[in-house]
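Here the chain labels run A, B, C and D in written order, and each chain numbers its own residues starting at 1.
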């Protein structure tokens, strides 16, 4: 990450108001390289975002189709609460940007990470008939914000995959409404990947590591033992 | 990739006409290191190429027997549409160079990547009786050029391995002719490895990552669950 | 590990008396990055420690909740034999610090490493009904201090996980007392992770590598063959 | 490998006569780091050697008990054809040094590599009742010197592990004598690891990569499919 591209005009302006954003962007670039190396973000898949402003909502998210192993400083766009580019003269954003905005609004997330790992892909198909995966009894669960004991049951819901992201968004938000008494740290989309988030970027990163680790344990336990 | 060998006389001339080629060579060297690290190009296996010219066809391809984890700037040769060295006074090229030229001509590929991963080796044997592997329902399929939904079935044909590369080339080209209505992104050779390509290098790299990821998912799904 | 934060006032004082400690801290930081990369210390899990003094006991241990992939020079605290911060005005230490102190006292350990790998998590559950895992017949056993032949049986006990670390400590120490004629190199906590140690840091590191390698062999052998 | 220790007096003298040896040592150090990262040389296991002279035989081999992930320039010793230190005032060499000398003499090896990978450990136990592993039909076999087609059967013999290295050496040499009409590229020691070699270091490295890759394919094929 030694490469130093000068920020775009838009980013330069945004950085004046939000000086912390430069570090966040570089952290996402490093994260992209880590996830790509681990096989969680291969082939230009995945999207990562951080919330810049709440009123009105402004989210910085990876532009569509970028190689996550080699993200440049300007490979991000800024969108509003509907996932629309604001201002409009930016690179294309992914259709899935809407799911980032949805988590920002309804889960009060400050950062949202979406990956396509092997275990998220395979287990989301294997457990789809059960509607989700129960993660239970693992010490590592304590890495999820608010969990203080391994004697915990955490449900990772699985949604059917679709290219109609607006429809998927409604499904996810309905799930949250119906299960509002249970904290939700992330979800899977069938044969697609994982979404998770945190109140800030470091927490979202921790949650991703914890959930991916637990999926790997479940996959190993269920299948090979 | 900090090592800076001065280009050979031949390469120096070619770079004058095609200044973009220097970056492509360095990208292939970096790619070789990545693939070697991941175990896709161990023990001097694999070949990578980019098309320099179309009329007549000129392809730059890794010289025979090089360690792909430590490719030098001059570890490449230039061949014509028959895979013959042009000019002739260059290092040896692999017999398989012909398959690179074949994809350049018949699939209009601008870059061709050939690797020997564990999953390509093992699954090409397992699925050989079916003639290929169906990749279906994965979101990651959208990383293949022209695929816009996970509700897609992509066929990865498997050819029997042979040391008669001319015969193999004919077999592959006949398959393409007979299946000309179906787009083909790559193929497997039994207990040997994968060939894939793209209109340009970045697309070929994306296709390799997508196909390898999907093979790993298939291998995990079929075998351990 | 190029980042050079100046040491805190407390650390500066301690380094004056124990000049070797600076290298040990940097070795632990590097170790954290290695273990995080390998998936043994994901999501702020794990703790590493070295003994500074014996009379009275002073242990330097990673502060609570740190990302082990990016440990800073000051991400450590100093505790006494009861795991209490000394002096008290330091960052929080993990509740599990007590288990480090316990191994320092009862196993005469000079360094203690605690990790959360996939195999330690999954196999500690699988073998819990047997009370532990027998490691037998492996040449790699000779990497454990005092083992000079592969014709050895080493028992890795498994304890039930609990958030009551004082109770767990008593259980572990009772196990050691009852089995005082058998050398113990480490133990597992069910669905939680591994503890191991050595007379000095390099030995503890060697023990962790050996035990993790053997767990991987056992997991592969038991499950996939 | 940026660390630059000045060579010992002994090494300085030897380098005067054999200037190529400096590069070989640095290549072995880099190799140690690669193998340690891949899990083939964990916990101070493994030994690597190169032949310096033939009449009389002089072999440079890693000193006993070194961390292969962080080999220093002086972490090597020089031995004669019986594996004895020559001169005698050097660091301890491994008892297994004798097996390096044996391959140097009887296989005309210029470099010998010994590793402890997961697959070598687990498969050498699984296939021990058959006396070895047949590697057959893989294109990757062509990475072994002298193999020009995948239609080849290569036998990797397995010897029972023992701490009596002189006895093991006799067993190995008897196997070679009885099977002198078949080329041998390496062998396994049960629940211990792999030995392989080449006429020079680069060939030994290629052979190790090829054999390890094929063991991984066999392990995956036999067990999970």
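The working rule: contacts are C-beta pairs under 8 Å (C-beta built on N, C-alpha and C of every residue); 3 or more make two chains touch, one makes a residue touch a chain.
Keep in mind that what you see is a predicted model, and the values were worked out from it rather than measured.
Chains that touch both chain A and chain B: there are none. In this entry, chain B maps onto chain C through a rotation of 180 degrees when their C-alpha atoms are superposed, rounded to the nearest 5. Look at the CA centroids: the one farthest from the centroid of chain B belongs to C.
Averaged Cα coordinates give chain A a centre that lies 45 Å from the centre of chain D.
With centres taken as mean Cα positions, chain D sits 32 Å from chain B.
Residue positions of chain D touching 2 or more other chains, listed in rising order: 224.
By the definition given earlier, chain contacts exist for A-B, A-C, B-D, C-D.
On the chain A side of its complex with chain B, the touching residues are 39, 42-45, 67, 116, 118, 121-122, 125-126, 161, 163, 189, 191-193, 219, 222-224. Against chain B, the residues of chain D that register as touching in their complex are 137-140, 143, 148-151, 202, 205-207, 209-210, 212-213, 216-217, 220-221, 224-225.
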